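Shared chain: subunit A. Partners: subunit B in the first complex, subunit C in the second.
Now for the complex of A and B:
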């Protein structure tokens, strides 16, 4: 295997780099002024972990994913904060050629499956060579060999895929090609944006097991951005829940799913229909997620949809934006009542 | 390869049918026009002071072309000759075959319109890319404005403006015909003379048509820039120069069809421009032949124009399948 770029951090056994996101704020310029889509987010990706970032559409999770590569699209920009990646430094302060080479080189990004992430007029192989040319890869043969290895690892025929155009590949195949292109230069931080959206169930579970296996084999640190809690349950060690541009809860996946603390996380999990049991048990979250313009300027961004706030309106929920506080080790929740040690349940909920 | 040949054969068959339909149409249309060639020539001779008797006889003898008989028999006759590539004799230019006439004029027109079309294509595409890249600034808006304005100016106005300023006022170009004293052929002075005569018409053509390419290219580039794969390539760290090529090739696709089709239509000539510059192309010939009610010349000219458009269509289709793999394989997702 050729180390095309310096692997970010490999100490003894293969483990991806640690990532520390601090006070990250991303704002979009709108006619109404600069509005934050991501607001003072603090998140740590432990070396070698898979973190799931969950949220509804408009929660700012895709903006977060792009920010990981300092690639927030205009009219948005990172206004504050830093993203420290081991062996690379603060991505927010990178620019120009160094930034371009970090993208694809150290940080791999995989587009949503439904999106056409390949040039429709060029074969996958030709685009692989464009990648080589852009990252000054000397040994193109080795790169092609590496690409074929990755593809066959994911159950595809390397020769066939490299000779194919995008329109000749199915959604699941495109997604695997996307993962190959993200990893072929030996990136050790992998960001996947909605990796299973728009795939059928079989392809979904295929892609998820590929993500898990490749993550372990290559020693990666992985961030999976999704709206699907099922995906998180399947692959992630840790989960971070986003709402209105804030991280409202984060912690180990099993703990968060079993015992969600934040009213939003709770609502999100209650909204999932089950295969067994009464479908009526699935309770849709009332209201709509806020858009850039309708995020409350002060107080808790979730209070308008919050069952707890509706039952017991507290003053601090209206006046101050709750800060994430550590409830138990590794478990952070941004909610005033939870921080005050009050029970989240206000009304008796049906057992599940 | 086999699929390609089958495709080509299909195109050719359809092309021949189209040509037959169009020739039939023009055959009928031409004869529906008021006045007939014999009458026109006859009146011309009368105007020259020839007696009525003599004029009638001379018309018949000289041209050997009297539209007697029913349309059906004329039509059968016409088609039969057409199958032998015989377009008949020109009525206005005595004894010259229509094929010679038409090809002679086409030669001039192709030179003019080919140069004009390619010029306007290149200018339009380059400025269109710039307009798209700088669409948020003044440069972009000004280019788009210029594009729309020039696109809106009719060719004959553009031609007259150029003639007035560059030829009449500034005397940069001569007004006379291609110098007859120079030996025609592939030699310096003759070519120079031709080029100096073709520059203005070609410029008029390019100026009045690049606006369309500019606007089309601009919107095409803007739409490709918004495509997912461009962002995806950026996120893979692909070099800007390579991304630029991605954008250019994808954005050019729709323009190739337009270009190929306009190359087909170019045989028809730029009637107004040729007229304004007294340029001996197809457009001028067509107008003359209509004035003379020269049936065979008209039909011949229309036939050539039709054939060129159909050929251009075929070429556009085959070219498209060569540059767009999604068409090549017949299936797109």
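Now for the complex of A and C:
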């Protein structure tokens, strides 16, 4: 259909396009001036990978996800940087008709809380035809067939779902409808914003396995945006952690979970209650996540909640915003003490 | 009978909250579905000791929220008995029952909509405290003092929050205000329905810890309703875990026992669905998934879980197993073929 990005073949498997996000900055105009919600983000999505973007409310992760579609709403705008997608070019420089076609065409997007993003007045089938009209699909029958195939692949009855209104579907079903609508035009880059929020554990686990399978079968490059490290742990090959509009750590999921370097990543993983072992191991993070207005203007954005900074305040943490440095291949961390080769362990223990 | 003497009676006995055979059926209204019914609760027994904890876990639509609403007096039940410290509420008139229900306070999932956005924290706490002062014959000066007390109890700085509106507070702080408001009436129990699912991950544990501490500091008991077993374990490792499916308790026992040794396939599916922190944990060897999603068309005959159970037999499809001890004094389950399976992820 409309997609120009094509999956390439690696070792006989289909994989999606590579995505390079460079120096991406998104700012919102506020009474206090233009404030950056996303600051100079550099992130590469390897072809065919699933990347998990983790952050709390106000970390800029949803803004970042919208930027992937060049769909940041006023009063926000992308002030700097580029998002290069193989076969499509720089999304930031796209506009008008070409941009509208890329959205949904090459880039599939599953909105946060799919329950609120479906039109309550139209059946799913009608919304599918809307998509066909906006993207000038000639063969509507083929599109419906493709939609039914996708739905049945996800364990739903295509006929029934296309004839349903959103209120007739459960949360997990709506989420799957969202994934269908994102992929039905053959997108090869899939962005999912909080795909499992508001779902119970069994539906969540079901949706996550669907994401994994569909990703592999259709040859996608996938970005999963979530606040839940557990979700990332289940689906993502790589994880990128956001805090206060910065990317503070990224690397292969298992490595980051096993040995988190940035004090924030460490604190976040430590704050998850677990099913085995001593429940007291879980420790809450002090303080609260910053909002757009309270992100520190100078120095490290995390230092006010940082156990390491509390134990050993360094001057550079106060004056300079740390840039991400590669500590081992593929592992990037934006933290002054880590860059200086100091152990992270000690201070976190002290902070407990 | 004045309100204060009711309070004295409520506090006197000390059996906690006990439900026996609670049944709730919803009847659908309207043209299309008229006459069809949904069995939200099918004879549920439970007990929450004073200052204790009980957790209800299950999927969406399994009846756990209905149970919480019944406990808080927001919903009537059709059959069964509910007693608070030995007083059977079922036989009381609504007017006599209300003071008991008032002492079971609900903590809602969404602190953003549970607080009136046009009122400051001060106003939010003053109203219930004014009522409380009138009921118990306390002077007006007590209100401001008590306001500060409850805020300190939930870990908030009174000088910082009192003059603020809900939108000026973070999700975690808002949920603390909701808990402080519940504490103004000296509750016997808090019903926390998914109380942390909308809170930021880094703040979630703080709220869970607070609920746990309140059990000790003010002796309030906590009924924790969730689909996340790990949070239930954090709040009430010493309490009982109830696994509820389509309105029936299908497994019950001390929280740690059930997590370590679940025998009902549904409990095992729930525990299997918890994300594995790859790198830190390895998945359980016998991880289970239901064969089908939950659907309202699934049969009421036999075991309620039979349609989705990987191990269901003809017997399961025709005969319903009851919740019983089956030899183990602590753990109860409702399954003809209980079996231990390693479903919980273990540390790598």
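Just so we're on the same page, the second predicted complex is superposed on the first by the 330 of 352 C-alpha atoms of A that agree within 3 Å, B and C clash if a C-alpha of one lies under 4 Å from a C-alpha of the other, contacts with A are read in each partner's own complex, and residues count from 1 in each chain.
Convention: a contact is a pair of C-beta atoms (placed from the backbone, for glycine too) under 8 Å apart; a residue touches a chain by one contact, two chains touch by 3 or more.
Remember, it's a predicted structure, so these values are computed and weren't measured experimentally.
Visitor: For the three-chain model obtained by superposing on subunit A, do subunit B and subunit C clash or fit?
Guide: Partners fit side by side after overlay.
Visitor: Between subunit B and subunit C, whom does A:330 touch in the aligned arrangement: first, second, both, or neither?
Guide: So A:330 meets neither subunit B nor subunit C here.
Visitor: So, does A:313 touch the first partner subunit B, the second partner subunit C, both, or neither?
Guide: neither
Visitor: Quick one: is A:165 in contact with subunit B, with subunit C, with both, or with neither? Answer first, second, both or neither.
Guide: first
Visitor: Please compute the subunit B to subunit A to subunit C angle from C-alpha centroids in the superposed arrangement, rounded to the nearest 10 degrees.
Guide: Computed from the C-alpha centres, it is 70 degrees.
Visitor: State whether A:111 touches subunit B only (first), subunit C only (second), both chains, or neither.
Guide: It touches subunit B, and subunit C stays clear.
Visitor: With the two structures laid over each other on chain A, which partner does A:257 touch: subunit B (first), subunit C (second), both, or neither?
Guide: After superposing on A, A:257 lies in contact with subunit C but is clear of subunit B.
Visitor: Once chain A of both complexes is superposed, is A:230 in touch with subunit B (first), subunit C (second), both, or neither?
Guide: In the superposed model, A:230 contacts subunit C only, not subunit B.
Visitor: Once the structures are superposed on A, label A:121 by its partner contacts, choosing first (subunit B), second (subunit C), both or neither.
Guide: first
Visitor: Hey, is it subunit B or subunit C that touches more of subunit A?
Guide: C
Visitor: On the combined arrangement from the superposition, state the nearest Cα-Cα distance between subunit B and subunit C in Å.
Guide: 5
Visitor: Which residues, counting only subunit A, touch subunit C once they are in their complex?
Guide: 56-57, 155, 170-172, 198-206, 208, 227-231, 233-234, 253-258, 267-269, 271-277, 279, 282-285, 288-289, 305
Visitor: Over in the complex, which subunit B residues touch subunit A? Could you list them?
Guide: Going by the criterion above, the answer is residues 227-229, 231-239, 242, 246, 249-250, 253, 323-326, 329, 331-333.
Visitor: Subunit B touches which residues of subunit A in the complex?
Guide: 66, 69, 71, 73, 100-105, 109, 111, 115-123, 130-131, 133-135, 165-168, 178, 181-182
Visitor: Show me the residue ranges of subunit C that touch subunit A in the complex, using the header's touch definition.
Guide: 58-61, 170-173, 197, 200-206, 208-209, 227-231, 233-234, 237, 259, 269-281, 289-290, 293-294, 344-348
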